[in-house]
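Residue numbering begins at 1 within each chain, and the chains themselves are lettered A, B, C and D in the order written.
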């Protein structure tokens, strides 16, 4: 094993990132070293890449340089002294929320939340590299039958699964509106199909994504920028009551406002999307109190309840999210990936990077089948 | 039985109501006629009495005249032909939300919500009268051991109980912030004490009410108009995390904003209070998404799950809300009652009216014990 | 409308039933009269037909003669005076459990349970007839797009749906063992497929049914009378832990015993099947306490939460249970139907009867498509 | 720190244990060393002390000698290299179930269950000693205001709390039957009072305990060996329906059988007690299926949800279980403690041992107040 590796590093403030030769991470007693097989680009990476307001304040100058990325699949090559559950040779992915039992939230079972939590690729070096150090407690063992490009996107898929299931998992036979046609929205569409919703409405801006959503299981696709009454459209197909569940994944004021009108009295609204503006005016009386709805705010995934379901569904083929993966690049071509993600109208689903070209070739072959 | 009765009637638009001699209601096949023993004044009655924006649009000129009131305890004196469960002589109270299985919400078990629902005292004649007609399906049999002035306030007490329990009932051993020191806030305080919260924070504006709240079980009382950091106060006493549960019953923008900051990550916020303004700006990212909280919107009470608990707790003496009842009047003195409710600073808890002076005398005696 | 009709009547104790010409039912104020389009045979009907121990004690001589049947789809032709929600011309099915708010269970939202409940076709005349009288409160409006033979079997399908979903609905991405390959077991298989289970194990006795189960979505089929270690088989495919959920629909001691071993620690066991013996010895320490499992006992369906889901899934084609319907007969041929149900090995799924031959013809055509 | 300490050790098979001078435990990287301030005797310790069938097979000869005990409060004096959350000087208690994320149960959030779990004082040396080594992940920080004899019994108190709350926490305003008047039954009584049950029925065998239960909050006490109809007694006080919740903590066939009859249709039965016989015949049709009940099997406590509630309630004084502690001894007098626990009729609640006589003296003083 050489002592350096290539990595996509945020070197300085402002837009962009650089491919650098950096030391292979050393691991602490409770960490494992993972050889990255595939690592996919998340919206968070795009935020950091473009160095928007959020990333400037969340990460800041003093933490740079830092390696990007957190969606990953790879093989464990080394484990720290205190590591017990994970062994060299294990094929793993990583939960991004590095939980600690210092947090009251973790103590009461909400491992995905906490004030003392570190985030992979945000608070510490990430996965856009040949190797990454990962604390054992967030390692998740993959099924060997699931290829790296799929195993890598389990993390964002888990967001979608948690957002759709909410805190009560009560979905089968119900109706759902999915707001947002980015990768999470598409994952949510595929998962909603698997979960047995009776009617799936997908709302988005990109024809490419909406058509993909249609293939993945959306019963109705609606353009968010067309001059039609989307609320009425949904109510007309749900006994006039509105949808049982609305999942907001666009982080757009219009989506939130329409979504709160689309959900039926007594229904559930999942709040997952991040608003650029941060704040929004809510029709509190009419949309909350009088409607008797529940709002489930979704941060991360259930650790590891969501991972368990996702692994089960992927390894048995009951959930097929392969069509969402539209672009594969070698790590060096990361800028091509970011450009795809930043294009408008967007013509990509999920973009996956491969530090090892042989892994890329294998993935390309699988994609063709 | 004479053919007319006295009733407090909203005769015309604008502030006020009149004591009138009106016909005793005739009942439909599915209704019962109840001789009113006690009937208490709700905030909704105050809205209609003052004829504010909400009541002007909700009730409107065309439905006047209409008898006010919906919190009631009385004796059934007559039943319609189709009535099966209720018999003359039964001592009952009434659920205000007259549910119908036409509504999808009712079909799936949310009887408290629905588009086709009638509200007692809002959509039809109410209980500020000697007699009231009530559909059988919303009659609730009281325990004879519970006196009329207590039985009458089970309905608003039920609001408080549902708001505190939320949809998950998960309260014992947790911490709670109660925002609002009106009657519902005081009921919530007494109930939170019974439910075994470890710490109860009550926030309000009225010294009289807050002191009463202290007696009812609040561990900490906080003035909403004092220049202290209430959010910090709560966090300092909840491991820095914030309260497990926050219940908003003030319907005030400040309460909602502070409440969303007081609730811990992964906690629950009950939205019960009605905002005068209707709308409010929410810090969506920081208070919803990143915090992973749940919002439970509370409309009415669980039918009849809440009633069952309330009856159990009142009849066994496990919940004592008698101190919240501060004023008893004969029906003719209804204006005194409304004046108490409208005073600021408020010096009343719950005001109960009695169409029959003998019932008033008995209640006054019980209050002295 | 003539004044008499044909009906399959249990005339006297002992095996059998008779086709009789009887008066068309008169309806009470709260009832509707339904012209039966399709009515299917339930296991309960078989019990009454064979007059086993249960039916002899549950129904008894004094309630005879009584018309059999309770799974039904038909058109409302007349409504009682107090009926409000249902209208002539409505195409309905019926919930068999005629709930009343007299019961505490109904009051707290468990409409499917109660001491004062009447059962259609058990406590009062049933649906194996040209007409049936049904109380309005248990009428369920069907979608016109769902044909009578499918609409008729929503009631037992609802059993299967409730048994699989349990009280917590938490199923998608989990593993399930379905014990029993009768119609309910087959419905449960099809529904489990729709609900997105990762692995579905179906255990039964009949090759015909198990092969049908395979087509409906079972990932593994297991013969209950083969000399293999079924518990090990399940554990070997569920990380050694056992299945997340086990649903017992066979009512067989072996199934219960194996099922309690197949469910993983912390898993859920749905108890639906009725034991011939009534009682069974349980390994209380090892299978209950130390395992930390939950048992959900399943009686009937959620009223109307289950119906709502079932209607949604059937009308959208998301759930296809048509293959379970294997035999269609005219009402007069009811004995052929009972014979199919009583054969061993059984070679039928669900048997549907048609009082009107034209409806039978239409159904036969649909079956061929 | 000397290199040896006194400890109560199970040296060989058969009844009894010995006070021995043994080496102070060495700790692994992920463990902490705790100086024991108080340690209480559990039923499990009694099983091991008397070397009954269960302990002979569960522990066996090959694991002896082993130090007894697992209910503990003490001060951390040393921490392993990998320990992060706990520091020397921390005042802690210990969760007995040493969970590992190797277990699927732990992965999906059920930390109290698992096939790879070690039990303190059963699978490794326990707390009847001056020092004990404890893995960091099961350390729970106590409030300094809670004295050691109370902090020590949080573990069994947690059993009672979990058994009463079940998986759904839905208790306030409901009715409960508590079967068993041992320490867990008494804890459950005190907790049920705090949790706001409307009616608490306590059934037991010992006058001493039942009278104590009465003081702790039982509304009704019933002798299990008296010739009265206990099922009827409960039904007569619960609208004829039976109790909402029944908690079995006696591990007695009669209790299980009566308990299943005492619970109302749709109610919940918590299975906590261990049967001497292991197996029991259940009236499966009548008590499970037709009744629609839920059984929640209770093993351990929710980690750390139960601990969080218990700490909150003890530190605020909202739960007072001090009266259950009836005997304090120095560690050397452990045999006196075991004799109290083994006496019949039993005249003790909880017995606490103190390795340090000064701690004993302080505790005795507190008990007198």
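For this structure, a couple of remarks:
In this text, a contact is a pair of C-beta atoms (placed from the backbone, for glycine too) under 8 Å apart; a residue touches a chain by one contact, two chains touch by 3 or more.
This one's a predicted model, so the numbers in the text were calculated from it and none came from an experiment.
At the interface between chain A and chain B, over half of the residue numbers involved are used by both copies, so each side presents largely the same positions. Comparing chain pairs A-C and C-D by the number of C-beta pairs in contact, the larger count belongs to C-D.
Chain A and chain C have centres, each the mean of its CA atoms, that are 41 Å apart. Averaging C-alpha coordinates per chain places the centre of chain C 43 Å away from that of chain D. Counting partner chains per residue, chain C shows two or more touched chains at residues 104, 108, 308. Residue ranges of chain A in contact with chain D, taken from their complex: 29-30, 81-82, 84-85, 100-102, 104, 107-109, 111, 137, 302, 304-305, 307-308.
Listing the residues of chain D that touch chain B in their complex gives 161, 165, 168-175, 191, 194-199, 219, 308-310, 312-313, 315-316, 318-319.
Touching chain A in their complex are the following residues of chain B: 103-105, 108, 110, 112-115, 167, 239-241, 256, 264-266, 271-275, 278-286, 288-300.
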